[in-house]
Amino acid sequence: MSLALQTFSTVKDANAALRAAGTRYLGGGTLVVRAANEGDVSVSSLVRVTDPGLSRIAVSSGKARLGASVTMAAIARHPELAALAPAARAIGGPAIRNMATVGGNLFAPAPYGDFAVALLALDATVVTEDGETPIEAFLAGRDTSRAIVTGVGFALPMAKSFRFLKVSRVKPKGVSVLSIAALLELAADDTVASARIALGCMADRPIRATAAEKALLGCTLTPREIAPALAAAPQGTAPITDPIASAWYRAEVLPVHLGRLLLS
Amino acid sequence: MELRKDYFADVRKDGLHEIGQPRPRLDSPGHVTGKTTYFADRNFPGMLHLKMVRSPHHHARIRSIDTSEAEKHPGVVRVLTARDVPHNVYTILILIQVGPEDETVLADGKVRWKGEAVVAVLAETERAAQEAAAKVKVDYEVLPAVFDMEEALKPGAPLVNEYHGQNYYLYDSGECRKVRFGDVEAGFAQADHILEQSYQSSPIEHAPTETTGCVVAPEGNDRFTCYTNTQAMFFTLDNASIILQMPGSKLHFVGGTVGGGFGGKVDVIVEPIAILGAKLTGRPVSFVYSREEEMQISSPRAAEKVVIKDGAMKDGRIVARKVTGYTDAGAYSRHSPYGAQKGAAHYPGPYTIPNVWIDTYCVYTNRTPSSAMRGFGVTIGDFALEVQMDKLARLIGMDPLEFRFINAYRDGDMKAHRQPTEGAALIECMQEASRAANWPVAEKYMAMSSYRKGA
Amino acid sequence: MAIRRGRGVAAINYPTGMNLGGDPTQALVHSTPTGNFMVTLSSVDLGQGMKQIMAQICAETIGVPTDRVVIDTADTDTGPHCMGTFASRGTHRAGNAVIQAAKEARQVMLEVAAEELEVNASDLETDGQGNIQVKGAPQKSISIFDVALSAHFKRGRSISGRGMFLIPRSYPEKETGAMKPSTCYAHACTVAEVEVDDETGEVTVLTVKNVFEIGRALNPKMVEQQLVGGSWMGISHALYETTEPYYPNRDHGGTDFNQYLMPGPGDLAQTEITVLERPSADGPFGAKGPGEMCANPQIPAVANAVFDAVGVRIDTLPITPERILRALKAQAAG
Amino acid sequence: MAKVPVQFTLNGSEKAEFIESGTTLLNALRDKIGDTSPKGGCHQGTCGACSVIIDGELRLSCLTLAETCNGADIKTTAGLAEGGVLHPLQRAFLDAFATQCGFCTPGMIMAAKVLLDRTPNPSRDDVVEALSGNICRCTGYEPIIQAVLTAARANSQNAA
């Protein structure tokens, strides 16, 4: 059996074709073509969709909708997505960013998937033909998800309320030791009114730092007041061990980097 | 870069026409236009692709190998096992009379490291070869493995390699290569300070951007041309000749343009089996390591352990140094017996020490076989030696750079392996480093020279 | 958080060539009918520039510009034996073989020129530009182009030479280890300056100042290439590289360039290189082998600088952020 | 095996081939069309040696299926010199001694070309970022960075 590519103009037809065994969806190719090149013979057929809507970026009344085929490069250069540009630029080198897609990033196993970390902090919804799913639920069930993701939607964060940090061993581009995305609303007195923090590499997929989120409420962003939140940050995490860093190291430095992000 | 012509000007003839001139590289125009031809840039009609079935176990007995499903797979042309290899047990240094033969081209009855080659599949496409390789069934009985050199040297440790009979390379000098110079115990007895420390390293991959590989084409006259990125053409050809029991005159190797080596392409691994495939099928064969194979299957730099015990005087003179070096060869020798010996010759470093004792061991474990890499036998030793020097200086309470001047070797000094020092230049390097790094040392050190009058 | 700075030094030497079974390399040189010179070898160019250096060595020896020399290497049907390119031996061993072959070819060339000019060969010299002239009377000259034509078509001479360089095997004495492992040694001293983040264990190498003594810089730009690249690899070995990051657990070995860590273009230390040349007695124009040793001194220099910065010794390579952080925590715990 | 037609422009000339479905652009260029300037250093998307320019954007040909490139305009390092005259980037790589083994060079030059096409006067950080997906094991990167900066200066002087 050689590898074969089937091209469809609609998601509906592609979804039907994807039901066949050994069939995978081809987005930017950075995951699935790599797997085939590396001898993953479980993949015998690839499916792609040419619908231009999948590559569309729509921004209106504070909401953004990104087609699943939108690339990291397209996000990084889009003027109305400036808040997300640091997260998009954190993915790979320039060639990878021209290929890697929003949809693909949702499925990228840790230490990859830094853009999905940003989407998790933004409480995005993931769109398929079956409807819309909150990203947290989507990520939890992604291993068995079969329907093609067509896009993601989220409320654009207010200026400066969204922060993103990726820590790598290799500069300027290496895979993550960890990544952190934080959406923080500050009250008039500069205390944290709401916090949503997502972490990459602290589990096999992006997860939220719910204990830290809670501990931050009502704090001003000073070293003393955020200390309990930093101490709580590792709660509920199960960091990965990979060639980049051990679970121990990731857990140890998470509070350090979270603190630096919050105080930046 | 600054070329300091004022040093050693009295022993150097400058002003040559071509030597010393920054001529442009004749190969670079090919590089920047993408025209330079590497081995994999050759493509032949009907070329087969070779994929290797590898051991998933660190140490196991092979009960049986079933290739029947793989052979029936569409696109498969030939499946090779140990019995197809004319002289399956080999070692590359046998060419220079360093044995015993201790490694199998394809595993025969046993695997000794995770990743060891067991079955070779030749197919019309890479994909077909991968699919067929997944259908090869090998029944293993897993055996206890040993990954630690000191564990491996203990009585009762699992025996890694029966061709050696013990978990170390047996030199003519015994279980290790030895250097004995002066009386090291007397040196320790007279020393004001004693420092014994242990250093370790991890295997390091050469990681050239071009992976190891070759393309073999039958020439139609019972000769085979092997386009290869080996670092050593005749070394590889002659070893292939032994393994394949083919006269060397039947082999034609073409190479010499290599996408990075760093010592990683001296092991004679891909060529013999690819030539065998071409011979048995009559077709061109390509065997190119995947990046994963390059990173985890090709020989790395050996993991090493170095124990250094020094005796030093209050005035900074090192009076005794004892070094025990362990080189982890992994499961097979490849070049490691030489690496350990090279280490023995290198210690105690570029310093003049009157009492020296060196033991270097080449140890077998169930780790990936290691081999040569840039700085073979020396790089890790230098790490250990020079960190030890820093510790010693601080122990004595001296500036680390001045401490090195006190002990630096100079022309005529007798080395531990009993060769007089010639052409020394360590002192001048340190003097220049002192200036370049703005790390001042006492005037007497800046006035030193590697020359010795009458030496 | 504190970023703490430290510096460290290391000084090393390095042998040129292997010495196990004898260490030979051979070369052949011949001229074409129009006075270009072919050097035939089986030596391998790994990227360090073997072909270019052999061309310069042949050109200098024969007395022609480098662009008159063509290197034909690494075809076993034509090239004579070379042990291989490793152990810092290529330039030294093959260079000596090329010199010997080129000298022999030069002698024939001068003899043919002498016949054409009706003088003694010993009275002739090359001008380095492609001509042969009478010493002290440069107006009496002949081009090498014409000499080669004459040799081929008129005088029936082969302007060619054979070169062989062999370091004989040295057998270590069993009990004392007395041996001759090398005939010449290169030298280096490196000072590294680092910053260590004492909350994460991350190390930034700020500067490396390398002094290398390499015998002879045959082509200074190519020497610089190798020394700069080697210095980078030394830092990489010190801080990043391992195929078994969690040994004795052998899982999690990197299988690609994302996982097998090396410094990226944004991690580069400011690198200074100074080169000294103390010609070796048996090197081609005094050259030694700098290719391996240039990556060695950075490793201990960086290790010593890390200690200078944060007061912990990491005696196991690589010196990862994790190892530093664990040591700092142990230090803090007393 | 199913063969599919592919047709695209490679360095200004039309190419049409039948290839096996699922063939990467890298393999199609090298094995079918004979342009071996893109190199297969990893086939994983981690080394950049296979970089090509597709419709003005830098791509990894090892992760791109050839049949998705129908109608595309593809450029490789082999097509960069025009009329035998080296591109300023190629010239700068020579002058800066920025190649050693040369295996990464075609990919590096592609990455640098895309940068200079869009950012004629790049900062050092711009160059570092542009080369960040390309691995070199020989040079330590510095000569390559200097070559790209030199080429940019040469370009802007020519334009002035």
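As written, the chains take the letters A, B, C and D, and residue 1 is the first residue of each chain.
Heads up, the rule we're going with is that contacts are C-beta pairs under 8 Å (C-beta built on N, C-alpha and C of every residue); 3 or more make two chains touch, one makes a residue touch a chain.
Model, not experiment: these values are computed from the prediction.
**Student:** What chains touch chain B and also chain C?
**Tutor:** Both chain B and chain C are touched by A, D, going by the contact rule given at the top.
**Student:** Could you tell me which pair, A-D or A-B, is linked by more C-beta pairs in contact?
**Tutor:** Between A-B and A-D, the larger count of C-beta pairs in contact belongs to A-D.
**Student:** Which chain has its C-alpha centre farthest away from the C-alpha centre of chain D?
**Tutor:** Comparing chain centres, B lies farthest from chain D.
**Student:** What whole-Å value do you get for the distance between chain A and chain B if each is reduced to the mean of its CA atoms?
**Tutor:** Their C-alpha centroids are separated by 42 Å.
**Student:** Can you compute the centre-to-centre distance for chain C and chain D, using the mean CA position of each chain? Integer Å is fine.
**Tutor:** For chain C versus chain D, the centre distance works out to 30 Å.
**Student:** What's the distance between the Cα centroids of chain B and chain D, rounded to whole Å?
**Tutor:** Distance between chain centres, rounded to whole Å: 33 Å.
**Student:** Identify all positions of chain A at which a residue touches two or more other chains, and write them in rising order.
**Tutor:** 2-3, 36, 38, 172-173
**Student:** Which residues of chain B are in contact with two or more other chains?
**Tutor:** Residues 25, 27, 125, 127, 207, 258-260, 262, 290-292 of chain B each touch two or more of the other chains.
**Student:** Find every residue in chain C that makes contact with two or more other chains and list them.
**Tutor:** 46-47, 49, 221-222, 224, 228, 230, 233, 245, 253-254, 256-258, 260, 262, 264-266
**Student:** Work through the pairs of chains, note which ones touch, and then classify the graph as line, ring, star, complete or other.
**Tutor:** Contact pattern: complete, every chain touching every other.
**Student:** So in the complex, the part of chain D that touches chain B is made up of which residues?
**Tutor:** 1, 20, 22, 30-31, 34-44, 46-47, 49, 76-78, 80-81, 86, 89-90, 93-94, 97, 99-106, 109, 135-138
**Student:** Touching chain C in the complex: which residues of chain A?
**Tutor:** Residues 169-175, 241-246, 248-249, 252-253, 256-257, 260 of chain A touch chain C in their complex.
**Student:** Note which residues of chain B are touching chain A in the complex, please.
**Tutor:** Answer in residue numbers: 51, 74, 125, 127-128, 130-131, 133-134, 290, 292.
**Student:** Under the stated contact criterion, what part of chain A meets chain B in this complex?
**Tutor:** Within the complex, chain A contacts chain B at residues 1-3, 36, 38-39, 41.
**Student:** Which chain C residues qualify as touching chain D in the complex?
**Tutor:** 46-49, 221-222, 224-226, 228-233, 256-258, 262, 264-266, 268, 271
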